[in-house]
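Just so it is clear, A, B, C and D label the chains in written order, and each chain counts residues from 1 on its own.
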Amino acid sequence: MVELKNVSVTYSSGVDALNNVSLKINDGDFAFVVGSSGAGKSTMIKLLLKEINATSGVVTVNGYNLNKMKRRQIPEFRRTLGFVFQDFRLIPSMTVYENIAFVLRVIDAPKKYIRKRVPYVISLVGLQAKSNSYPDELSGGEKQRVAIARALVNDPKLIIADEPTGNIDPELSYEIVELLKGINDCGTTILMVTHEHDLVRHFGGRIINITDGEIVFDEVIGGINEA
Amino acid sequence: MVELKNVSVTYSSGVDALNNVSLKINDGDFAFVVGSSGAGKSTMIKLLLKEINATSGVVTVNGYNLNKMKRRQIPEFRRTLGFVFQDFRLIPSMTVYENIAFVLRVIDAPKKYIRKRVPYVISLVGLQAKSNSYPDELSGGEKQRVAIARALVNDPKLIIADEPTGNIDPELSYEIVELLKGINDCGTTILMVTHEHDLVRHFGGRIINITDGEIVFDEVIGGINEA
Amino acid sequence: MKLSGVKYLVDQGVENVWKNKMMAFATFCVLLISLLLVGASVIFYFNINSMIGGISDKNEIAVFINDKADKARITEIGQDLAKIKGVSEVTFESKEDAFNKMLVQMPEYEKIFESLGNDNPLVDGYRVKVSNIDEVPQIISEIRGLNDIYYVKASQEFVNVLKELRRVVTMVACAIIAALAVVSMIMISNTTKASIFTRREEIQIMKYVGATNSFIRTPFFVEGMVTGFFSGIGAFIITWAAYNSLFELLTKQVNVMNVIGLGNIIQFSSIRVYVLLSYIIAGSFIGALGSVIFTRKHINV
Amino acid sequence: MKLSGVKYLVDQGVENVWKNKMMAFATFCVLLISLLLVGASVIFYFNINSMIGGISDKNEIAVFINDKADKARITEIGQDLAKIKGVSEVTFESKEDAFNKMLVQMPEYEKIFESLGNDNPLVDGYRVKVSNIDEVPQIISEIRGLNDIYYVKASQEFVNVLKELRRVVTMVACAIIAALAVVSMIMISNTTKASIFTRREEIQIMKYVGATNSFIRTPFFVEGMVTGFFSGIGAFIITWAAYNSLFELLTKQVNVMNVIGLGNIIQFSSIRVYVLLSYIIAGSFIGALGSVIFTRKHINV
């Protein structure tokens, strides 16, 4: 569960990126976040990961109050979620396999499980052939798919994805969102930033529009295939 | 003018990214390059920049034969083109202004000209307010627009753009392609990789489709607004 | 944490040494130089100490006996001298021995000795060796307390010079070691900082997937220790080679050797094991400590 | 290239020192240590040289004259001695002077001298000072060639020790300087490599917008030179402080001073300017050179 209560974020440079935003996403929801460039979408995502702190207001994610959380609780909190960053953030010195396995090593998962689970999620995003490649040796879309696989691998309660399809061709984008929908059907909450209106129109669901740091639209619409 | 003659690229990892590709783009053309993830689009772009070399075949760009070019000719060659990378590649230690001005400093442009030209191209992409921000302080779409401004600033004969609208919302994407069209009308050749089929359908023009390292489609289609 | 997890982190650390060979090499060099300089100071100090000890051995107190004393009394004095605490050896020197010695030492005064003919004006005496040079003044006053002693003379000149030298070297060595401790910490801090800096994105990503600080830090710790270990070995090899060639060089300088005394330079073979162990332990410890301290400071992204 | 362009690149270099203060500081430390060690070796070498010179001054040849020679002949001999090439000073020492000296030097033989009474068996002589110690053997043989010379004696012992020491120090200093040249080049190479490594993306981007190698390299060059310049200044300050405190320490050690001779330790004030200039020039030069060599190697992305 994600909850923002009257949250504002002002960067040290003086930019007001979020302005008194309140928002509640229930467990099991699937929500799209849309909005123009520089509107504050990534800022909201960074907030939920405790990459940045709210200037004012209360942020609650998966039962943790991020404002009051102790330093040593952060790792344990982050393990409850998966994320896809807009700029991928893969570890350049690790192969695709290692990048994904690292998430499981951190939670001290059994070796056997790692050896089974990692190839499975790699196959979900269609990158079997690239298992042993380093991020530098991947195309833009491939990197993005590795980031998606990493977000799935530890079965998190919440997946936060910042433009996970920005570098992927439309057909594959649809497949990826289908994949996320499937995971969502199994109970995982999903929050996805996107600027591809086609996707949103096609799948429908809850749409949150952020403009100039404020939520200007927050409703559930029907998708084309459901309509 | 860009010309590829029977060009193949095999990465040292053994991946055949381009397979006997031949292509000619005349001065003043506007061409879209489309294709699925990992098809070889970025590889072709890297080839034209001499970031990588062709395994076989001849690559000619702006009158330079890239296979036979001497090392010390590279800077002079690169100054004849502008580019937008898929991963932006802004210099992190420089502000937006400095990143763009650097291109002019390299060609030893007069101070006065730099002071006039840089703010102008920044305004073209709507980033006046971010002139003195560092890349780290920008949103994804803002970084992408800085990269576009940098590609325009020295009035190159050829602009090569690898998914310049991947992180930008649809409205802004249209504006940016309009901008490139305008520049194209003044005689600059433009080669743009994109996976946004809406854009391609809307503007029309020459469409080159790369699939699995080969050109499978290369024709001029009419845009919606022209149709 | 399970054993497999620990093994993974240690493996990562060892692998990192290779992956970041450039930074590892920088740390290696810094540690190597620090170890070498400190090691050289310490070894030099021990050598001076050994020389002082050696020359103490040679240092004698000359005791001259009243010419009124007869043979029996002279023997008695010899026994008394041997009984004094701290005296290691007592040798009799007759006035004839003393006369011959003088003749050799001062050829330009041959004439005087000639003019004296067989009428030797010198006196009998003892040469007393002392085990610890610092007790010399004490022993001299005890000897003076005996009867029938005409004159007591100790020529401590050169030993005093060495003792002063030892004091200066001790101070300089302490200063060097202190300075180097600071400098090498600064340098290791720098290389660690730089190596964390080049990997700061990587570390940040690790934190985003929920890695704890200690999970991130352990490989750095292992990396620092391994690098330090090799610095220790490197320092040992260089010290060995340098010491032996310096040893050879010195032993060839006959004049220097006459002053120092050949046996008083420590043979490397007799300290080899200690040098090796000290280097390795110091290297690994500083390497590991440096990494831990500075990762702790900089890892909290 | 226009002047404004050059100015821009120089400004960039200076700014980079600050932007990359961490790496700059590492280079600074490396250079500082190298300069200090080389500087210390050289200064130590000069001091030993000065000591050898100073003790040479004290070194005398004692000339004893046949007792058959009369006053006039003795004066003549004095003039002959002064005429010999390389002799700087000739002092007369009467047999009475010699007798008194002996009395002081050997109190344990007082008896002998007492027994001799006023019948002084010693001879008149000269003390001859020599300007260059290496000419002593030559001069001695010349003196022996004169008439009425009874005995010639030169006590070169300690000077010989010092000369051997100089030889050893020269060799060791050369070894240290050679080793440090290698080590500091390796270290500078490392820091430069690391600093290029952390900025390799930046450099690559610069090359993509058409920057020439020299355009990219100039700021590195300036950066290295500025860093080296400050290392030179730092080394100077440390040397100054260390030298002066060591100087004070040593001059307090009366026994050591008696051997070395106070005046033979070089005053820092007399070499200050040379030390400062050498450090700054060497620092800037090595800093700039290091950057250029290693950027040349690694910048060709």
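Following the convention adopted for this analysis, contacts are C-beta pairs under 8 Å (C-beta built on N, C-alpha and C of every residue); 3 or more make two chains touch, one makes a residue touch a chain.
All figures in this text were calculated on a predicted structure; none of them were measured in a lab.
Undergrad: Can you give me the shortest step count from chain B to chain C, moving only between touching chains?
TA: 2
Undergrad: Check every other chain and keep only those touching both chain A and chain D; list them.
TA: Common neighbours, chain A/chain D: B, C.
Undergrad: Report the chain whose CA-based centre is farthest from the CA-based centre of chain C.
TA: B
Undergrad: Roughly how many whole angstrom separate the Cα centroids of chain B and chain D?
TA: About 63 Å, centre to centre.
Undergrad: Give, as an integer number of Å, the spacing between the C-alpha centres of chain B and chain A.
TA: From the centre of chain A to the centre of chain B is 29 Å.
Undergrad: What is the distance in Å between the mean C-alpha positions of chain C and chain D?
TA: A distance of 24 Å separates the two centres.
Undergrad: When you draw the chains as points and link the ones that touch, which shape shows up: line, ring, star, complete, or other?
TA: Looks like a ring, each chain touching just two neighbours.
Undergrad: Please list each pair of chains that are touching.
TA: In this structure, the chains touch in these pairs: A-B, A-C, B-D, C-D.
Undergrad: Residue numbers of chain D touching chain C in their complex, please.
TA: Residues in contact with chain C: 22-23, 25-26, 29-30, 33, 62, 64, 107-109, 111-112, 115-116, 121-123, 150-151, 153, 160-161, 164-165, 167-168, 171-172, 175, 183, 186-187, 190-191, 193-194, 197-198, 242, 246, 249-250, 253, 255-256, 259.
Undergrad: So in the complex, which bits of chain C are touching chain A?
TA: That would be residues 1-2, 4-5, 8, 19, 199, 201-202, 204-212, 215, 300 of chain C.
Undergrad: Where on chain A is chain C touching in the complex?
TA: Spelled out, the residues of chain A in touch with chain C are 49, 51, 71-72, 74-79, 83, 89-93, 102-103, 105-108, 110-111, 150.
Undergrad: Per the contact definition, I'd like the list of chain A residues that touch chain B in the complex.
TA: Touching chain B: residues 11, 13, 15, 34-38, 41-42, 86-87, 133, 137-142, 145, 162-163, 166-172, 195-198 of chain A.
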